[in-house]
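Accompanying notes for the structure given below.
Going in written order, the chains are labelled A, B, C and D, and every chain counts its residues from 1.
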Amino acid sequence: MLQEYVDRKFRTDNRPPVDINLIKDKVAIVGVGQTKYTRDSGRDELDLACEAIKAAVDDAGLKMEDIDGFDTFTLDRLALPMLINSLGVPNVKFSGEISGGGGAGCSVAMHAAAAVATGQANYVCVYRALNEASGQRYGRGDSYAEYMLTAFTPHYGYQWPFGFVTPLGWAGVWGKRWMYEFNITREQLGWWAVVLREYAQNNPDAIYYGRPITHDDYMESPMIVDPLKLHDCCVDTDGAAAYIITTVERARDLKQIPAIILSASQSSPIEQEIQTVYNRPIISGLVETWYHGQELYRVAEVDAKDISVAQLYDPYSIGGVLQLEELGFCERGEGGKFIEGGDNIRIDGKIPCNTSGGLLSEAYLHGWNLVIEGVRQIRGTSHNQVKDVELSMVTGGPGVPSSGIILRR
Amino acid sequence: MAEYVQGIPIMRPYIDQDNQGYWDAVKNHKLVFQHCSKCDKYHHPPRPMCPSCHSQDTLEWKESSGKGIIYSFVMFTTNKMAYPAFKLPYAVVLVEMEEGVRITANTHEIEPDEVQVGLPVEVMFEELPDGQTLYRFKKREA
Amino acid sequence: MTVEYNPDQKIPHPAMWGVLYKSSTPFWEGVKNKKIMLQKCKSCGNLLNPPRPMCPKCQSQENEWITAKGTGKIYSWVTFNEAPHPAFKAPYAAVLVELDEGPRIVSNMVDVKPEDLEIGMAVEVTFEDVAEDLTLPKFRKAG
Amino acid sequence: MAIESIKDKTAIVGIGVIDFSTNIGRSEWYSACQCIKLAADDAGLNIYDIDGMVKNIDDGPDPSYVQKGLGIDNLTYHSESHWGTSAMMNAVQGVASGSCNYCVYYQAAHRVSGPEKSISDYRVAREVKDDSLDMIRYDFFSPFGLIGQPGYVAMMYRRYMHETGITPEQLGWIPVVDSENAAKNPNAIFFDKPITIDDYMKSKVIADPIRELDCAPKVDGAIAIIVTTPEKAKSMKQKPVIISSNAAGMAPEGQFHTSYTRDVITELPEMKNMGDELFRIAGIGPKDIKLAMLDDTFTPYVPLQLEALGFCGKGEGAAFIEGGERIRVGGELPINPDGGLIGQGRFDTTRIVEAVRQIRGTSTNQVAGADTILVASGAGGPADGLILRKA
């Protein structure tokens, strides 16, 4: 079985042909909005969502009544009727939610794009609001004790009784195995955290703006759950973000340079769970990332070397670096070497990554901030603008059903 | 390793028709895995039908040798990501069993610096004060 | 005649939704002070019921609170012959009151039996401490 | 200008139904896998060719589970939806946009015996105060004892009686006709034989004016529906059922069964918005519909749907259903010949399954010439619907 799996080739023979793909080149992100990213908003999520959505609608040059679709995570706590009753949206022709937590970071854009491309909605708003820092934390162990003691989701039954309740811990297991198999060192991993923190110093919206770190700081930071140190982990955030998707045709009449979706993909491959993907023949790779990457390139008809800038979903450094391998920016097992010194992922490097500071240093807004940064790179308005951006890639979370998009001008 | 803090309940699985055989066996201090007699394959976690041949009547519970090696692990060193019922530090190990199946559990009498990928371990069982039976892994001779 | 409660059961408390809907806090604070407060958009004057963080007419997030007169009419009602929650003793009625200012709110009557309720009946507010930490606005027949 | 309309771009090629029960004795995970297996068999499709999965958020395990249970390599499209049968829209979009080949919409929900019950028991026992479980806004209702959907609907229904004069003797024809139809459908477990209007009038009044027989009971069940392109459908086992139209709708000041702040509370504006879009896409009108599968979770919504979807004028819904003649098989507009949810239990996807069977000509209660069928879901909240037709 192992060999069968390692040799697995991405099957293109059974994929829908590119020429019937309605999303490719026909849909664009035309407006983006966000609240202030903080550690304690003092407001409810509905309030935050309204502000971010209004900002996105204004940014696009639209009116609120133009919006007729919504998409978000299943994790989102807002009930859509109350949201539209606050916004004043008269009718919603399409709404959807995607499971899998951060993996759906780009699935939401894909499904919104599909709705627009099939004529089922005109302007879909993709939103997420969360008080992760001040409210109930998704990733904290102690919050589970107050929440529920029985693992009603069957696969958690094999983890929770062992004090194994947090995504960071679950991911640490395959992260550790990857480090073990390919001799990835902590020194190497540190460069991911350091470079992202550098980016955040130019981004006033980043939570870690004005708080630079050195590689030594990284090495001296406490171990949170071996193999992850404090600076390997994302920054819990209160805030909301939203963006608007419509057709390229409608985008022409709007205010901003559209970020055209060249391709969008989703993948949930064999033995998928939420991080605890331990019964895959190999766990030192991210199969879901590899699959969605292959599909992204197939539909876009481009290759890794054509990508100008990437925003890789990085709830922890390992997840970011391992994606570099699976998306073909470096060879398998070479991720550690690739980021050593950080130059390859810096602004004029081989593949500039997470140029807003990413989930580690800008905000853990479950990937919305990554999509927005991907759009800024296309518009040319990033605080860390990469030169001559042709293609801007954004991905969803590792170790869960995942997703990605490639944007172009 | 893996000592409990008094007074905080240990989380438990929700038992349904798919995993009952597994947890019933644990109650009897046995480790079993779901096996399809037709495909001669193990599947973990147990599921409602064989994912290879989609039949249900070929599924059986086979007792494990209880032996395996540590395939990977994490060590909880701060309260941030740990479950508060456990004294720090504690390890959660992913053990590749001789049957090829990988399961997670805590360790027993293995010092933190001894927990390494490749360490041979074997299963043991413990009764919790709340009536739950759980398994752990202890060192064994290779 | 008012709703009877089972003293050993907890009446659902609006605070259960407090984290998600902070904009309702002034309403329940008002009730504690024996007032019905209504949220009003500062920009266009629209009354927002239930309270919310943004005005759906003009998208303003600025709002103020006004005190309602506390009078209105019964718009509809339900009689529960079986209690859907252990805190309440059946039978009892939940009424939908249309306040003179326009908004409709759900409540209970304190002096009218379920079988004597009528749509259009004029009512006025009264306040009842139903639990140590919970005061509810209820209604009685006006005049 | 929209790039494309989804009109006729997708088709239903397989359905799988597990025998409904009030105590199924299996896990939801099992039911989800099994109904998909049945649907694949029905379609003549290899399970491993399924590459899309959609579901209602609360009904059964996530797509990644079901995929693992079935051993499917890779899903390239999956999502969840909240209301009625609106996940169908995700399936249609996945296939029509070229994101997946075969998308399965599964609903595996054991509402009587399943974990949903365990979770609520558990919450009551432990008084779990997790606000994330109460996203829907009942803070202005629950403290006053207005709790539970029958009560929410009753509030609206009382006003509906006041405004239009509809009586229980009229509304009762919905459960009466449902029971007649259910008696012919082996999967409709709640009626062995038809009831009379007298039986209905004797039914317990639980939240006056709502009776027990006005509410669809809970049930354990599982249904899978496979969607692909009409082109692929041509070479498959069954005659395809073409999805002529698919739409969803919401409206201002909407809540779940509690939209009491609207100027008029005795209409279903979401359903009207949905219906208008549905007919616009299909390019036909209410007169072209041969059979309507309507949401009868609560009976007062049936006449309101007839009004909102343009099958009769405003306030005429009661007269339309009275006596049952116009809504029986053979009538002017047959409704729910499978027994509806009153006969089968709360399971929205049954409406799509019955519509597919009617078009295939394999229903237990066949409507002659049922070649164009409207399916409506989500009455009292966000609405969605389909128009299905013969290929």
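FYI, a residue touches a chain if its C-beta (ideal position, glycine included) is under 8 Å from a C-beta of that chain, and two chains touch if they have at least 3 such contacts.
Just so it is clear, the model here is predicted, and its values are computed rather than measured.
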Hey, what chains does chain C share as contacts with chain D?
A
Touching both chain A and chain B: give me those chains, sorted by label.
D
With chain centres defined as mean CA positions, report which chain is farthest from chain D.
B
Contact counts by the stated rule: is the higher one at A-D or B-D?
A-D
Which whole number of Å gives the spacing of the CA centres of chain A and chain D?
34
Interchain centroid distance [CA atoms averaged], chain B/chain D, Å
41
Would you mind pulling out the distance in Å between where the CA atoms of chain B average out and where those of chain C do?
52
On a C-alpha centroid basis, what's the spacing between chain A and chain C, in Å?
42
So which stretches of chain A touch two or more other chains?
77-78, 82, 84-85, 88-89, 149-150, 152-155
Give me the residue numbers in chain D that touch at least two other chains, ranges are fine.
27, 29, 68, 71, 115, 118, 131, 135, 137, 252
Touching two or more other chains in chain C are residues 19-21, 56
Applying that definition of touch, give me each pair of chains that meets it.
A-B, A-C, A-D, B-D, C-D
Chain C residues within the chain D interface of the complex
3, 11-14, 16-21, 24, 49-50, 56, 75-85, 87-88, 92, 94, 96, 103-108, 114, 119, 130, 134, 136
Residue ranges of chain D touching chain B (in the complex, touch as defined):
25-27, 29-30, 33-34, 37, 47, 68-71, 115, 118
Quick check on the complex: what are the chain A residues that touch chain C?
43-47, 50-51, 54, 64, 77-78, 82, 84-89, 135
For the complex, give me every residue of chain A touching chain B.
139-142, 144-145, 149-166, 168-169, 172-174, 176-177, 180, 222-227, 276, 278-279, 283
Quick check on the complex: what are the chain B residues that touch chain D?
14, 16-18, 47-52, 54, 56
